[in-house]
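Here come two complexes built around chain A, the first alongside chain B, the second alongside chain C.
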Partner chain A sequence: MLEGKFETASTMKKVIEAIKDSVKLCNLNCSQNDGITVQAIDDSRVLLIALKLDPSCFQEFRCDKDLVLGLDLESLSKILRQGNPEDYLTLIAEDSPDSLLIVFEDSKKDRISEFSLKLMDIDSDVLTIDEMEHDCAITLPAAAFAKVARDMKTLSESLQILVTKDSVKFKADGSIGTGSVILRARTNLDDTKESILIDLNKPVNLTFGAKYLNDIVKATPLADTVTIKLTDKAPAMFEYKLQGGFLRYYLAPKFEDEEE
Partner chain B sequence: MTEIENENDNEPAEIPEKYSETSLRLVSYNVNGIKTLKNYSPWNERPGYDDAFRYMKADVVTFQELKLQRSDIDASIANPSGYLSFITVPQSKKGYSGVGVFVRKPCSNEPDIIKQALTVRRAEEGITGFLHMRGARQSYRDCLSDDKYRERCIGGYPSLDDPVQGRHLDSEGRCIVLELGIGLVVISVYCPANSMCTVEGEDFRLLFLQCLFERAENLLRKGKQVVIMGDINVSPNLIDSDEYISDGFEKGTLIKPNEVSEFEAANREEVLKYKTCTESKGLLNGFTFDNTGLEEENRGHDKILHDVTRELQGRRMKMYTVWNTLKNNRPQNIGSRIDLFLATSGIASSAKGSDIWPFLYGSDHCPIYCDFDLESKAVKELAESSKYGTRCNCKHLDAKNYYCVGNSRSIDSFFRKPEKHAVEEEEEGHHTKKEKTTEHTIYVSRKRGSKEQSSLFGFFSVGKTARVESVTEVRTLDATSSSSLFVTEDEDGSDSEAAESHKKISVQEFRKLLQTASCSTIPLCRHHERCAFRTVKSSNSGNVGKKFWCCARRTKSETWDLSKDDGLRKADGGEALDEYNCGYFKWATK
Partner chain C sequence: MLEDFLPPSVVLPIPTTTTTHLSDIPGRILNGIDDESLDDPIILGVDEAGRGPVLGPMVYGVAYSRKTDSEVLKKFGFDDSKKLTEQKREELMRGICGAETDLFDSIGWATTSITARDISAGMLRPRQATYNLNSQAHDVTMELIDEVMRKGVKVREVYVDTVGPPISYQKKLQDRFPTLKITVTKKADSLFPIVSAASIVAKVTRDYSLFHSAKQRQMEVSWGSGYPSDPRTCKWLNGEVDPLFGWDHNVRYSWQTAKEAIKRSGGLVMTWEDDLEEKDDDYGDIGQMFNGGRKERDVIKCDWFIK
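On to the complex of A and B.
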C-alpha cells in the first residue's frame, strides 16, 4: 500500500508540468526509504530527468512494498490540473496496483475529488547516477537562467556556456546573428536568492542544444534558484531543489564536428 | 472483401524482399506530419526512424510533408543510426511541407556496387540552385564557378534566371537532390499542390514542375541518370484519378466496356484528353513517355522520363496512393495516384519491381517503392564511368551537421546500465531487451571512439546494488513462511511479473484507450468502425434537423466498379458485409 499525502498539490503539479513535455511515459518508483523517485530519458535520448521526492516532502508517507507505477504523463497532468494548488493531494496505490488513485481535498470548502489513472508497463533501464566531480558549479536565480535560455533560443539552436572565475557567459551563434549574455558573480546579502555564485575548479566551455535548455527551464516555478554543474565532455547537471528532494536534469553536451 | 480482412489484420501484406542483394530500393512516402505517423501501426511499434526504414527494407527513403520546424529536428531524425539524413524545412511557414531523405550506410560485407550506390557523393537543397550552400555563403550556382566548392555542386540548373524567384521557389522545403556514387541523381520532391486553387499558387506550382523536369533533362544531358521520386501532386493518367472516372460515368462521357482491360481503349479520346486537361498534367506528360499505348506518335524527342510504377504494373486499375481522408474514402479505395517514381530511360530499364503499399497506414498517402537492379548493363556502365572520384562531398547538408544535433551524444551512454541488477532481479523477459541495448551501446562506442567513452565511466561508482538488495529483503520479510526463502523469491518474482502483466496494461493498450476515451459514446457500425454523426437535411421526411449515426463509409452507388459481379453480390443477399456503407443507422439520443 502506498499512501503519500502532500500538504499542497502545487509541488506535484509543477513537477509534472516541468517534465511532461520532455518525456511522455515514466515509471514512478516508490519505496519507504526513498519516497518517490523518477528517472526518465527523452525520446531523442539527450536529456535525462531524475526526480526525488523524499518522504519528508510529504505530510504523511507510507509505502509498505516497493512499487513501480508506470504513468502516461500527459494524462496525469490532465488530472492534476483538476485540483487547486493549495488542496491537499494524496496519491494512493494498492500493493499490486492496476491504477493510481489521486485524491484532492479542499479543506475550506469540504470538497473532495478522487481520480484514478490506469497504470501501464513501461520498459526502462534505470541508470546509475552518482555524485560527479565537476569543473564548476553555478548557482543563480532560476528566473534569470530561464530568461537567458529563452532569449538565446531565438538566435540559435545551440547555446554555448563559458565559465570563468567571476562570470558566466552564454553565447548563441545563429544564422541571423549572434548574441551573448554575461552574468557576473555577485552576492546579495539582502536577498541571497538573488545571488550568483560560481565555484570554479577549472574554466569550462561547453555547448548545449537550446531546445533542451528550454525544456529544462520549465522547472523554474519549482525553485528560486537553479544549480548548474558543468564538466568538460560530460553531461551537465541542472538541479532545482525541492523541499526535501530535487528535480535534476542531465543534459549531454554537443561535441565539435568530428571527422569520421 | 479483401480490404476488410486486411484491416482487421495487424500487418496484412508483407513488405516484399528486395529483388536481389545487388538491387537498390527506393521508397517514397508522404507522411503528412511525421509526428502523427508514430500513432499508427506498424510505426508505433518501431520507436526509432531507423527501425521504420529497416522495416521497409529501404536503401534510400524520402518522406514528404514532415511538418517539422527547425527546432523539432533532433538527433532521432537527423542522425538515425545506420542512415545518413538530409532534411529541408520551410524557411518561414512553420510546421508545413518539408522533405527528408535518408540513405542507408552500407555494411562492410555488402557487394561493392551497393557500397558505391549508397555513397552520397553530393547533396543539394532546392531544385533551382539559388539557395545558399551552407558554409559557402553563396548559391550553389555561384559555387559551381568557385574552385573551393565546385566539387559539392550537382549542376544542371534550370534556365530560370531570377535569383529572387528561385529562392522563393525553394523557400518551402520541397526538394533535396542527391547524387549517388553510381552517377544516379535522386531528386526527392514534394511538389506544390495549389490546394487553394489560386492563380499565384498555380503559377508557383507550374514553375516548380518546369524547373524540376528541366533539371532532370539537364542532368541527363550531363551523362547522369535521374530518378525523381515523391509527391508530384499530379496524376498522370485517367486511370490514376478515381474522381475523374466517376464523373465521367455519371456524365456519360466515359463508357463501361465489357472487359476491364478494354477500359482505356474504349475511352481512347478521354484518356488522351485527360493527359493534357490541365497545364500541370500537360507539363508532366510532356516529359513522360506515354504508357497508355494510345498516343499515336510517341514524340520521343522531348520525352525523358518513365513512370516506373505504372510501367511495371501495367494498366492496373484503382492503383492509388492518396485518398481524401475527410470523406473517408480510403476503405472503398476512392483515390488518385500522385506519388511517382519518374526515371530516365537507363535506370528505368533496370527497374525490377515497383508497387504501392496501401496496407501501410498513418497518413492520407501510402508509401511506394521501387527496386533497381544494379547488375543491369545500363547501371553497370553508368557506375563504371562514375567510379572515378566517388568521394563524399555531402557533409555540409548532412542533417546532423546542418541542424547541429548529431554531435550530441545520447545521455545514457554517459551512465552505467544496471547490469548486475538485471542479472539479480529481472526475469527472462527482460533479457532480450537487454541484449538489444547492449548492441546499441556497442554501436555508439564504435562511432564516438571508445577512448572517450571509457574514460567517462570513471566518473560513476557502484551504488545501485545496495538498493536492489534491500528490495529483495523487504520482499523476503513480507513472506510469512520462513523456510522458503528461495520459493518466496521465485514466487515474488513471477508473481509481480505475472500480476503486472495481468493487471497493468501495455503502453500500446494505453494509447488505444487514449484514442477511444474521448469518443466512447460513438456507436460502432457493422464494420466495427466509429459511425459518422449526421443531420437530416431533406425536408420531405419530416425529420429535418434530427441527428443520427450512420456508417461512415460511402455507399456503393457513389463509386464505380468495372467488374461484372454486381448481380452476384446481390444474390449473396444484401446482408454480406463489404467495403461499402453497411447501412448501419441509429437516431442520436440526447
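On to the complex of A and C.
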C-alpha cells in the first residue's frame, strides 16, 4: 500500500503543471526508500524529465511494496486543479492498484474531496543516469532564466548559450533579426537567491531548441533558482531543487552546424 | 443476380484499384450535340451506392439525358431506388445498356467504383493527411461530371442526392461548376427520375462487383450484403481474420466494425511508424545519449513494424 501525504498540494500541482506539456503519459515509481520518482522522455525524444520526491517531501510517507503507477498527466492535472494549493494532499494506492486515489483536505473548512484516477499500462524503459562531469555549472534565479527563454523564443527557434568565467550569454539569431542577453556573475549577499554563480572548467558554446527551453521554464514556480550544467556535445541538465528532491530536465543540444 | 448479364461498368477480374466507366453518348444527345437550344437542356443526375457497407466498393453513378426525355423515364419505372426490387433494377440497367432501345438512345451514364482498398487507404492516412469519405465522395462526383462534359456533353442542370448537409455541398459544387444549375437535395432519387437512373447504375454496378468478388474468392460461406448490420457479414468478418493481415482488399479497414473485428479476433496491435511523432533531426536522441548510443528498443524497420 502507498500512502503519501503532502503538507500542501502546491508542490504536486506545480510539478505536474511543469511536465504535462512535455510528456503525456508517465509512470510514477514508488518505493519506501526513494519516495516517488519519475523518468519520462518527450515524444520528440529530445527532452528527458527526471523527478524525485524523497520521503522527506511528504509529511507522512509509507510504501509497503514497490509500485509503478501509470498515469495520464492531462487527467491527473485536471484532478489536481480541483484542490487548493494549501490543502493537504494524499496519494493512496493499493498493492496491485487499478486506480490512484487522490484526497484533498481543507483543514479550515473541514472539506474533504476524493478522486480516483484510472491507471494505465505504460511501456517505458528506465535509463540509468549517472552524475555527469560537466564543463560548467550556472546557478541563477529561476525567474531570470525563464524571462530569457521566453523573450528569446520570440526571435528564434534556437537559443545559443555561451559561458565564460564571469558571464553567460544567451543569443538568438532569427529571421527578423538577432538578440542577446548577457548575465554577469554576481554575488548578492543580502539575497543569495538573486546571485548568479558560474563554476567553469571549460568555456561552453551550445545551442538548444527554444521550444524545449520554454517547456523547461514551466518549472519556475517550483524553486527560486535553477542550476544548469552544460557539457560540450552532451545533454544539458536543468535542475529545480525541491524540499527533499528535485525536478531535472536533460536536454539534447542541437547538432552543431559546421561553419558558423 | 442475372447470370447472362454483366454491366459494362464491372470489369473482371474485379480490380483492386478505383475504376471509372463512361458509356457512349446516346443517340438522342449526339443528334444535335452542337445545338445549344435552351428549351431542351441536358440534365445530369448523381447518386451513390454502397456508402455504409464494410465490404466492397462505394460506387458513384451519373446519368444524363435531355430534359424532355427524363419525363419518359418515369414511364419505364425509374423511381425511388428503395421502391425498386433487385430484379427491377437489373432489368432497367439492362435496358440502359442496350436491351431497351428507347432507354439506350436516351440515357448516357458513367460510374466510378472506389474500391474498399482505396477508401481505407484514404481514410487511414496518417495524422492530418486523412482523406475522409465525404471528401473522397465529393471529389469523385466532381470528376465524373467533369469527365462527362469533357466528352462533349453540354450538361446544363445537375441534380445530386446527398446524405450529408445539402447547403455546403451545393456551394462546393457550384464553385467548381459556376455555369451549371445545381440542385443538391436529400431523396433526390424519388424527386428526379434522372437521379433514380443514376442510383440504379451505381447500385447495380456495386451489387455485381461484390457478387463477382465473392465468386472470385470461391467462398464457402456467404459474406452477405456487406453491411455491418447484416449478421452474415458480421460472422464472415469475425471468422476470416488473419492476425497480421486482417482480410483482403475487399474490406474497408477504416470501418469501426473492421477495427473491432481485428481486435476481437486476436489480431496484432500495430504501431505504424508514420503515426509516430517525427523525431526532430536537429537534436540528438536523449535516450540514446544516456545509453551509450545504443538504441533503446529494437525496431523492425521496414514499411511497418510490430510492437
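Basically, the second predicted complex is superposed on the first by the 256 of 260 C-alpha atoms of A that agree within 3 Å, B and C clash if a C-alpha of one lies under 4 Å from a C-alpha of the other, contacts with A are read in each partner's own complex, and residues count from 1 in each chain.
To be clear about the criterion, contacts are C-beta pairs under 8 Å (C-beta built on N, C-alpha and C of every residue); 3 or more make two chains touch, one makes a residue touch a chain.
Treat the numbers as computed from the prediction; the structure is a model and nothing was measured.
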* So, on chain A, is it clash or fit between chain B and chain C? -> clash
* To do: Considering only the touch criterion stated at the top, classify A:169 as touching first (chain B), second (chain C), both, or neither.
  => neither
* With the two complexes superposed on chain A, say which partner A:147 touches: chain B (first), chain C (second), both, or neither. => neither
* To do: Quick one: classify A:250 as touching chain B (first), chain C (second), both or neither.
  => both
* A:241 contacts which: chain B (first), chain C (second), both, neither? -> neither
* Asked: Counting only touches as set out at the top, which of chain B and chain C does A:33 meet: first, second, both, neither?
  -> first
* To do: Check the residue A:127 against both partner chains and state whether it touches chain B (first), chain C (second), both, or neither.
  => both
* Asked: If you stack the two complexes on chain A, which partner ends up touching A:65: first (chain B), second (chain C), both, or neither?
  -> first
* Broader residue contact with chain A after superposition on the shared chain, chain B or chain C -> B
* Return first, second, both or neither, reflecting whether A:46 touches chain B, chain C, both chains, or no partner chain. => both
* Listed stretches 225-233, 261-269, 387-395 or 495-503 of chain B, narrowed to the one that overlaps chain C -> 261-269
* Asked: Both chain B and chain C touch chain A; at which residues?
  -> 41, 43-48, 125, 127-129, 158, 209, 234-235, 250-255
* Could you pull out which chain C residues touch chain A in their complex? => 276-280, 282-287, 289-291, 296-297
* Asked: Given the complex with chain C, which residues does chain A contribute to the contact?
  -> 41, 43-48, 125, 127-129, 158, 209, 234-235, 250-255
* Hey, which residues of chain B end up touching chain A in the complex? -> 47, 70-71, 74-76, 401, 403-405, 407-418, 421-422, 430, 433, 437, 447-448, 452, 456, 459-464, 467, 470-471, 474-475, 478, 495-496, 499-501, 503-507, 509-510, 513-514
* To do: Would you pull the chain A residues touching chain B in the complex into a rising list?
  => 25, 31, 33-34, 41, 43-48, 65-66, 70, 72, 75, 96-98, 118-123, 125-130, 132-133, 153, 157-158, 209, 211, 231, 233-235, 250-258, 260
